[in-house]
Amino acid sequence: KNPWQLNTLEYNVIGIFHIVTGLIVFFMQTGFAFLEAGSVRSKNTTNILIKNVVDMLIGAISYWAVGYAFAFGDGNTFIGTKYFLLINLPGPGYSFWWCNYVYAATAASIVSGAVAERIKFTSYLVYSAVITSFIYPIASHWAWDPHGWLMIGVPGASYQDFSGSSLIHGVGGMCALIGALFLGPRLGRFDKNGNPKNLPGHTVPFVALGGFILAFGLITFNVSSYFRVNGSLDAPKIALIGINSILAGSGGAIVALFTKRLHPKLSNHWSLLTCINGLITGIASVCASCNSIYPWAALLIGAIAGLTFMVWSWAILKFRIDDPLDAISVHLNAGIWGMIAQSLFNFKTGLFYRHMDKTSWLQFGWNMLGLLAILTWTSATSGLMFLILKKTGYLRVSEEIEIKGLDVPIHGEPAYPRISYGSGWGIESDV
Amino acid sequence: KNPWQLNTLEYNVIGIFHIVTGLIVFFMQTGFAFLEAGSVRSKNTTNILIKNVVDMLIGAISYWAVGYAFAFGDGNTFIGTKYFLLINLPGPGYSFWWCNYVYAATAASIVSGAVAERIKFTSYLVYSAVITSFIYPIASHWAWDPHGWLMIGVPGASYQDFSGSSLIHGVGGMCALIGALFLGPRLGRFDKNGNPKNLPGHTVPFVALGGFILAFGLITFNVSSYFRVNGSLDAPKIALIGINSILAGSGGAIVALFTKRLHPKLSNHWSLLTCINGLITGIASVCASCNSIYPWAALLIGAIAGLTFMVWSWAILKFRIDDPLDAISVHLNAGIWGMIAQSLFNFKTGLFYRHMDKTSWLQFGWNMLGLLAILTWTSATSGLMFLILKKTGYLRVSEEIEIKGLDVPIHGEPAYPRISYGSGWGIESDV
Amino acid sequence: KNPWQLNTLEYNVIGIFHIVTGLIVFFMQTGFAFLEAGSVRSKNTTNILIKNVVDMLIGAISYWAVGYAFAFGDGNTFIGTKYFLLINLPGPGYSFWWCNYVYAATAASIVSGAVAERIKFTSYLVYSAVITSFIYPIASHWAWDPHGWLMIGVPGASYQDFSGSSLIHGVGGMCALIGALFLGPRLGRFDKNGNPKNLPGHTVPFVALGGFILAFGLITFNVSSYFRVNGSLDAPKIALIGINSILAGSGGAIVALFTKRLHPKLSNHWSLLTCINGLITGIASVCASCNSIYPWAALLIGAIAGLTFMVWSWAILKFRIDDPLDAISVHLNAGIWGMIAQSLFNFKTGLFYRHMDKTSWLQFGWNMLGLLAILTWTSATSGLMFLILKKTGYLRVSEEIEIKGLDVPIHGEPAYPRISYGSGWGIESDV
């Protein structure tokens, strides 16, 4: 019998389930790529696309070589120490690796939005490798490996982050914040008085494409985190995860959409970009809890996430931080609120369900302590990394390249070469 | 034992199958969005994209709150009355909900093409909610719930619409027709003499992207409608559904393509847009029958669907109805022809297989009666809804906004902001 | 009991697994379409898109009518002779058909890149049908049907191409080479002295979209080729296929990326297009062996594939062959190197594992013989086909159409009709 005590067919079924859903989560990289490509100016489009391609490839090598070992290689409460290069990995570990690799790549992907249009390509290679081989694996070891100190917990409480509000979105969002702080804003993003100037992305349809794929991928991400099929309620529980994910996304999107439309100080528009950010924030906010809340709670958690997104987005600008994708307001926000929401709405251990008894406060406290530890770990390690990159001059492109665009000098591939456009049949034929 | 008399693992396998295929059907929303985005003018692109995003989110909330209850909440022959907000839903209902939610969202999505470029955004919010919470659920209760009058049927005949030729495409297509009628054509679509003027969409590649994703999604849609895995022929039957779907799509696409190319009164071109519409019509036409026909019949049904698409598309213009996406000629046509085809080619009950005996005529009659009932229900309820929207002034945007485009005034987000284009390296570097 | 000696549920599970993964492989057609659409000039965009749509539809009809019968219809060592139109096909054949159809469509899809921007549409219809009904099915009969001579092999050796390095990528790539040779280069591709002139594609984001979808699809392709679930290590083996695929892709992409960047005679740029081609070459190179190598070997095979891609790409230009997509350097290269790599690194039969004993040399020889036979068969039959097309004048469009673009005269659908662009709100509102 394998570690999960499943018979051969059960074990194969769950393996196949993880591989197929993991493949769809892998496709989610396309979502990040297009959300970001549509949100930058045309002169930096190839740059952001290649970042997102390389990201998932660097991640595969890093996570194979050391990342998985640090995360799930037994070891001590802080770090795993076996299965480097997957050597001696037991059978069930293979499909488990696949899912966890795509999670690691997701955490790294989140960062690229916040540092877009000004970071050097080499910097990107470095931070992708560091996040997927070190920062994220160790945090996930704490919370998701049976040897990790957050999972071991204290009597009566163990860290609860089902599919990674804090571990994926919190880690990615915190790295994004640190990166944006070290880089500083894009030229022209704030005027002399510190007032922000809008630098719109160049293609709304790409943003929408990215948003659709991310919704598809993030719901599948949550679904893929379920690890058994031998209980009589396993299929309903997996479906519940999907239901909670789409309801949370809906709540987040619709609240953000209406807030933007109706708030007297905002623009009075029905904004697609706000709607998509609300959608992603909503889904990311129930990662921690989607297996252990009722659908109404998912909708409510998502709705509040839509509101907090609007507040974060406003605050980030107030602090004169430039995040071209609002990645911080989506992901770091979702990481924090998701862990709070889990502690409130969990239908077994939540404060609202246990009438705020001692056990539920203990659980709440442990979740908050874990969240704090994960965010501190992430900001310390990524801060050190970005500091080194900055001091060695590898962090930011030159002013000329930033103004004129990265695609031509760095990549030699403008996104839309003018000589390749137009036909010889004249405008009138072009109908 | 659960309602389907499956053991735990069988039940988990089918649950997982529904969740995974349902997720892919969810992704089909991206297909509708891009098919439509490519088919409108650039000035209305953000508008059509946000419609398609909001659609699936409104649908999730509506179908969770009341839609599923009306459809599958036991009740009487007309309407279900349990499981509002999914309260007390038994286990197997969860993955079933997921599949049926994405079906409902599909029915609602079909409409947006026909009303594009002139409907108000608020109108869209309203009709998405009404279709997914009321119109479609009740029709599906009739045909797909054991308590529904069409499924109960008469001795010797029960309504046969396997994966929704009439229930998805018929309902969606009929709402599209009613919406287009109430709205009237876009300004400039017909000249003073009633002759149509071509208003081409702005990006063929987006149409193609949508078409590819819809083919992927619609085949998966049909496959996802199979509900068991305990019989020795279940896997082949599921595969047959896939085979029949792609063959019907191929037949539809190729016949439409060649008709457009070879018909002396048509343009002599190999038209991609016609080909894609033929493809979608073909697959939609075998929804009703893809589990109960032979592959050659699927190819033939699809081929005829390609022809009927050309005829519908011509007739819709003759009646001076403006349907920017040909959604009526694709979906309503497929709903009607699909039910007829099911009654002819079903390898157990079809007229052609039972030598037109009494049973097969009875079955044919019941299918036609059901189709008529569903289309009447849909046109009456959606007609009332669009009438109210029209009378209250919520239906159509102002003439100025229609001419100048919806994206800037309503959404504040032009699809391709000019200031975000171009690099500083000069045209000559742009190679 | 069915042919694979599985019980009912095992058999249904593997059937469902093949259908779902096969559906994702079907989606890969979208990847080819966009990789190619982005790589051509805007005036030929509709043309390349419709080719890719029609391709998968023609393929479905061909493979249903005769292709599957030639491939898997028992018969003799050269060709299968049963199951035309799927008549009398036993149960397990249905999901098997689905997977093999999408493989056939893939082989045909590969060609369109190499012949882009100059081939006639009718030619495309013909070669799609011939490849999917005849050329590919017979080659796959040899290697993948128990009656085929390559699978029967000799005592001690049977052809080893797990998921088609030679059968998919080799066949497709060789047809691409023959097609490009018969067509000759695009006008303006080489100057009078034979020096190549860059004709860049019109939209890098479409290339990236295609690359992402192809990575998703090709990994799933490899995964879908596993045909059992009743052994205790089946799930890990399937996951290993996925792991090996992404590692090989990573190796290929990163080596190609750095070679382009660092090689003193190359352009010093971080090239996205090179990176994507390296990625695809890497994954395609482990098709043959992904089920029977260790992850480090996959990474190495991919890395070498990235290098050989650079060499092929350079050599193809030296021979003044014009391949707009580098399809030959990706796929034919991967077909050849993939079979060599399988013979070297297979952890049971490879030269490096059996210390180059007689058995491993025999296996190596048989693999090389099979590869040679498959490529000879493909070049002979496709050569004859392209020759006939050329002699009958169906191969290449007129010079005027090639220069002015195919979309307007042949398809009547320019990809980006100018009259559909712009809003009435002025440039200043477009922000």
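The first chain written gets the first letter, and so on, giving A, B and C; residue counts start at 1 in each chain.
The definition used in the following text is that a contact is a pair of C-beta atoms (placed from the backbone, for glycine too) under 8 Å apart; a residue touches a chain by one contact, two chains touch by 3 or more.
From a predicted model like this one, the values you see are computed outputs, not experimental measurements.
Note whether the interface between chain A and chain C is symmetric in residue numbering, meaning over half of all numbers used appear on both sides, and answer same or different.
different
How many degrees of rotation map chain A onto its copy chain B on CA atoms, rounded to the nearest 5?
About 120 degrees, rounded to the nearest 5.
How many angstrom lie between the centres of chain A and chain C, each centre taken as the mean Cα position?
Measuring from centre to centre gives 32 Å for this pair.
Can you list the residues of chain A that touch 2 or more other chains?
Where chain A meets two or more other chains at a single residue, that happens at 9, 13, 20, 200, 203, 209, 407, 414, 416-417, 419, 431.
Can you list the chain A residues touching chain C in their complex?
2, 8-9, 11-16, 18-20, 22-23, 26-27, 29-30, 33-34, 37, 45-46, 49-50, 53-54, 56-58, 60-61, 64, 85-86, 91-95, 97-98, 101, 121, 198, 200, 203, 206, 209, 407, 410-417, 419-425, 427, 429-431
Give every residue of chain B touching chain C within the complex, in rising order.
Contact set of chain B toward chain C: 9-10, 13, 17, 20-21, 24, 41-43, 199-205, 208-209, 211-213, 215-216, 219-220, 223, 229-240, 242-243, 246-247, 249-251, 253-254, 257, 267-273, 275-276, 279, 295-296, 299, 403-405, 407-409, 414, 416-419, 431.
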